[in-house]
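One structure follows; several queries about it will come next.
Each chain gets a letter, A, B, C, D, E, F, G and H, in the order it is written, and its residues are counted from 1.
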Amino acid sequence: MISLTINGRDVRLENAMTIAQLLASKNLHAKIVVVEHNRQIVPRERYDAVLLGAGDELEIVQMMAGG
Amino acid sequence: MFDLECHAAALDSAGMAGALHIAGKVFTSRLMLGTGKYRSAEEMNAALEASGCEIVTVALRRIDLDAPKRSILDEIDWQRYHILPNTAGARTADEAIRTARMARAMGLSDWIKVEVIPDPKYLLPDPVGTLEACKVLVDEGFVVLPYINADPVLALKLQEIGTATVMPLASPIGSGQGMKTFDAIRIIVEQAKVPVVVDAGIGVPSDAAMSMELGASACLVNTAIARAQDPALMARAMRLGVEAGRAAYLAGRMPVLPYASASSPLEGVVR
Amino acid sequence: MFDLECHAAALDSAGMAGALHIAGKVFTSRLMLGTGKYRSAEEMNAALEASGCEIVTVALRRIDLDAPKRSILDEIDWQRYHILPNTAGARTADEAIRTARMARAMGLSDWIKVEVIPDPKYLLPDPVGTLEACKVLVDEGFVVLPYINADPVLALKLQEIGTATVMPLASPIGSGQGMKTFDAIRIIVEQAKVPVVVDAGIGVPSDAAMSMELGASACLVNTAIARAQDPALMARAMRLGVEAGRAAYLAGRMPVLPYASASSPLEGVVR
Amino acid sequence: MISLTINGRDVRLENAMTIAQLLASKNLHAKIVVVEHNRQIVPRERYDAVLLGAGDELEIVQMMAGG
Amino acid sequence: MFDLECHAAALDSAGMAGALHIAGKVFTSRLMLGTGKYRSAEEMNAALEASGCEIVTVALRRIDLDAPKRSILDEIDWQRYHILPNTAGARTADEAIRTARMARAMGLSDWIKVEVIPDPKYLLPDPVGTLEACKVLVDEGFVVLPYINADPVLALKLQEIGTATVMPLASPIGSGQGMKTFDAIRIIVEQAKVPVVVDAGIGVPSDAAMSMELGASACLVNTAIARAQDPALMARAMRLGVEAGRAAYLAGRMPVLPYASASSPLEGVVR
Amino acid sequence: MFDLECHAAALDSAGMAGALHIAGKVFTSRLMLGTGKYRSAEEMNAALEASGCEIVTVALRRIDLDAPKRSILDEIDWQRYHILPNTAGARTADEAIRTARMARAMGLSDWIKVEVIPDPKYLLPDPVGTLEACKVLVDEGFVVLPYINADPVLALKLQEIGTATVMPLASPIGSGQGMKTFDAIRIIVEQAKVPVVVDAGIGVPSDAAMSMELGASACLVNTAIARAQDPALMARAMRLGVEAGRAAYLAGRMPVLPYASASSPLEGVVR
Amino acid sequence: MISLTINGRDVRLENAMTIAQLLASKNLHAKIVVVEHNRQIVPRERYDAVLLGAGDELEIVQMMAGG
Amino acid sequence: MISLTINGRDVRLENAMTIAQLLASKNLHAKIVVVEHNRQIVPRERYDAVLLGAGDELEIVQMMAGG
């Protein structure tokens, strides 16, 4: 059980997983999101490489309608 | 009907027309649209189409992992429109910088509309925080379009540090109050070496036309179109207003006179 | 570019567009042009063309027998444009009536733009003399379009006696001061059962757009086009301004808010 | 010699003439003018018939550019 | 504190001050008050006192025989204030004339404020009916003060037939919208040979001051005082506003400049 | 005449009046005067006297050793007026700080009106440089009164760092254009916890009254008085205008209505 | 019984009376009213003299607060 | 001969002198001026003590009318 913060909310993951795995589990396409991991933007090609750990802070954002 | 191609040709031959140039890109439309507050994606796309716009603004927001909403990129043709992400929501320079970096990481554009807005009621931008964020972002290679109050000194400072435009407000965002900052925008235009884009507060096409008559390079409109009863028709109206104002600016307006001046001949009246 | 025919079609299908009807005639353009003060007949004709106008005003004047000038009818295509003679020069109801009768005897039209103007400095019309002249001319079968100050009560009286339109002024003739009578014209439009044509004082397209946004049926422009540096281009600008304002009126503007209202979503901000 | 007023000016005509003759002498086409004779508008078909007399007041007008 | 008597003396010695003259009567106050809409007679009298006014308007109404209300004459000191009855309620010239005659028969005054108002929504006066009523009443020996829309030609006609003043409106009665007719009132003042009293629509003292700065001779205020939270204090405020505007008119304002002009010396700066 | 002492007493008893408090000092006048641009010391002193002001601004300048001019301190009674030195002439924060320190060394006051103005044409202040200078000067114990563009966010930042007031401009210095920044000043007042002093651009008393009606705490006027034809009389006019606006603010204005509302009773009309 | 119109309303008077008597019966002082009798203003000194008749139209007005 | 800068202008003094002596020579009262010596404000009580040297920068300012 891993506790971390995603988009400002506490989240528990059953298993350790990479960013890519997290996105896949949520049906999110890598191409339309940007991910910040502990305040560092993660290049898309590294989504497979970054394993999420306890206490991590993650931001997953997308473009929304706005003015 | 009025043939815009002929018009453009005529203007070009006179060396007057010219398109809108921002950071090396060339645009024929001088109307930019925000994508917020539409009742539906269909209404938004109809409005974008009718407006003739080439640049649209979007915001960056967290995905709700439990109930993801569609990204704006699923709803508009982002091959067709040039995407201008904004930093809306940022209250400080740091937040704006962070948002800008994430926006660029999306891979669509290194343009950023910088908004640093501490105040939720009037949504007026922070001059100091905006300048600070812009300095950092210009250094990092962004094409920076800062949203500002209509402050001529701030506008000069921003163009000096290398922003691609300045975007002074006409009146508070989404208020539809129109050209409350008319005089200040006139001064900003007079001093500007980068395009001046009037942003925020435009409510009707006459506001947009007035901006362009003053010599602004473009207008950005969102709420006035999205919240019109018929957004697509209002988008057309705004397009016509911008074109009207631009043409009037190029045509050279008559002087304003304190008195009247007869349109019909004074002599030869039957009496 | 914006396809006006599609536009009109779309509007018609929505049952909203509708052309301008005056005394049983139908016009697709809502911009009327005066023919005075042009630097040359060429400039005038280029402006008429670019404006898309269908109605043009002309004055009646004595011929100088020793040195006759060309009639305006030699210079414009009066098969193409609907001629609207005015009574400019008349200081009293009687003079206006006499001029109207001579104008009709020309055989082109029984329309008459009634101007009764005693004051040479501000060229403001006489409400009492105008009403008097209009009564007589309506009785004689003229189609009467009275030029008036923006007085809602007078406008009502005129429509009650049967004038085809009312033509309130925006500001003094030829002054280019714009929509100084904004509030009064709003009331006139609210009460009108005949077309309201905003006449005099329009200086730039934003003035024309503002008139139409208020719900005016048409605008009449002369000096602002004739005295622009590029009259044909300003004529196009005015055309676009009128179309912009009309479209905005039909599209239903957003309400004006005292505060701001964000264009981007408030939730989901990264912080 | 006939003295009359045309367009507010005193004019002398050598000979008696009709309105039509006056217009012709000035190269004015009937179609683009309107003539008022002693405050009465004269229909064009009567230009041949109306003979100008001493003391008459004549107005000859045309359409001019105006706003 | 500011000593008004010294002030008046200073002005008189400069030959500039002069009191307000209407029909041979001399007034030192340039603020007239309406007596309608007060919450109580006490509030009204406190406001009259604080305003320094010398002329008050009253209306003429049928007595309800079953439940007679107190006459305004029981509530104000009509020895102290000059009573100016109005014809409010009259929709036509005939009704205004009838009311005026009854008002004169009261025996207090042969002054009459002529109001001919057909329209209940905006309460705008009828120019033709007003002129007609004024003609009759001037002939009958009344001192006539007509309430009019801000129409310079009508104002001239009225002064020509012998009215004692003209009373153009600033904006609709009781609306508090302020000086919407600024430009027209400027023209009326420029042409006037009788006192111009700005009446209706004044909402705050800056409106009154603006009227006087333009050269108006006096202001008439009712709703803005009666409906203020503190009527007596607003009455004082209006008095000060009228005095401020009058003094500024006499003092000769600086010209308006398109640019800035430093207040501190340009030379000698430490750098 | 209107007795201001009674007035103040009445207000005090209502707990409403209150004097102007700045940095622990109490002032009964809400009008400050600049001392520049007078035609003579006599005219200046007459204007100061007539204005009732208690605070006057002065500039710091190099003495011309070859032809020393009289100091302003030789011309005004600096025991009577509270001296407020400004940093006029400073183009940067550093220059303003240096000037402020020299001004304080004069030994008259540790108050400083901070002006950081890079632009000579419109004389508009630099928001960033002003904030920077104010931070340093507040830390050094000055009582800081910053001159700013009417930017609500900047005004908030300044009050947060401890300035004694904010002094937003109405329009460019010395232009006499009046309350061009009306809407922004309304917002500044709404958010302010320190006195808001409207400075620059006031041309006539109605401008000053309008500032005070909005809730500003005071006005600073220079050119409009110094360049009036009769400065002392205009000073009195400004005083009255400020008092009028203040009283109106306290009295609570009527609401602005879109329509008319009759002043005379609707029932009981004779018909 | 006399029917007449006073201030636009139908009124019945038990007895014939003068204007003065009518005013007195309503406690109205002559000084603060104006009376129009059949569209003619009645001078105050004639209130005693004018007897009201059937079908008469009477207007009795006073000054009220107004703007 | 001492060359220095006063109020931005080059000035030569015949003799070495204090600030107090300079002011006296120009008839300037200490009370109405402020003096900055090489960018340091000089307290009035030290005017006697500060001797002007070659290359010094001096600012002597006073209050003037201003807005």
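Rule of thumb we're sticking to: a residue touches a chain if its C-beta (ideal position, glycine included) is under 8 Å from a C-beta of that chain, and two chains touch if they have at least 3 such contacts.
Note that this is a predicted model, so its numbers are computed, not measured.
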Shortest chain-hopping distance from chain E out to chain F: 1
Chains touching both chain B and chain C, listed by label: A, D
Where chain D and chain H are represented by their mean Cα positions, the distance between them in whole Å: 92
Chain F and chain H, separation of their C-alpha mean positions in angstrom: 34
Computed distance of Cα centres, chain F from chain C, in Å: 46
Between chain F and chain G, centroid-to-centroid distance (C-alpha), Å: 62
Sequence positions of chain C contacting 2 or more other chains: 34, 36-37, 59-64, 86, 88, 98, 102, 122, 124, 173-174, 177, 222-223, 262-265, 268, 270-271
Residues of chain G touching at least two other chains: 7-8, 36, 59, 61, 64-67
Pairs of chains, among all present, that meet the touch criterion: A-B, A-C, B-C, B-D, B-F, C-D, C-E, E-F, E-G, E-H, F-G, F-H
Chain E - residues contacting chain G, complex: 34-38, 44, 57-65, 68-69, 71-75, 83, 85-86, 88, 101-103, 105-108, 173-174, 222-223
Complex contact set, residues of chain A against chain C: 7-8, 36, 59, 61, 64-67
Parts of chain B lying in touch with chain F, wherever the complex brings them together: 118-119, 122, 124-128, 131, 149, 151-154, 156-157, 171, 177, 180, 183-184, 187
For the chain B and chain C complex, residues of the former touching the latter: 1-5, 7, 10-11, 34, 36-37, 50, 52, 59-64, 86, 88-90, 95, 98-99, 102, 121-124, 172-177, 203-210, 213, 222-224, 226-231, 233-234, 236-241, 243-245, 247-248, 250-271
For the chain A and chain B complex, residues of the former touching the latter: 6-8, 11, 26-28, 31-34, 36, 41, 43-44, 59-67
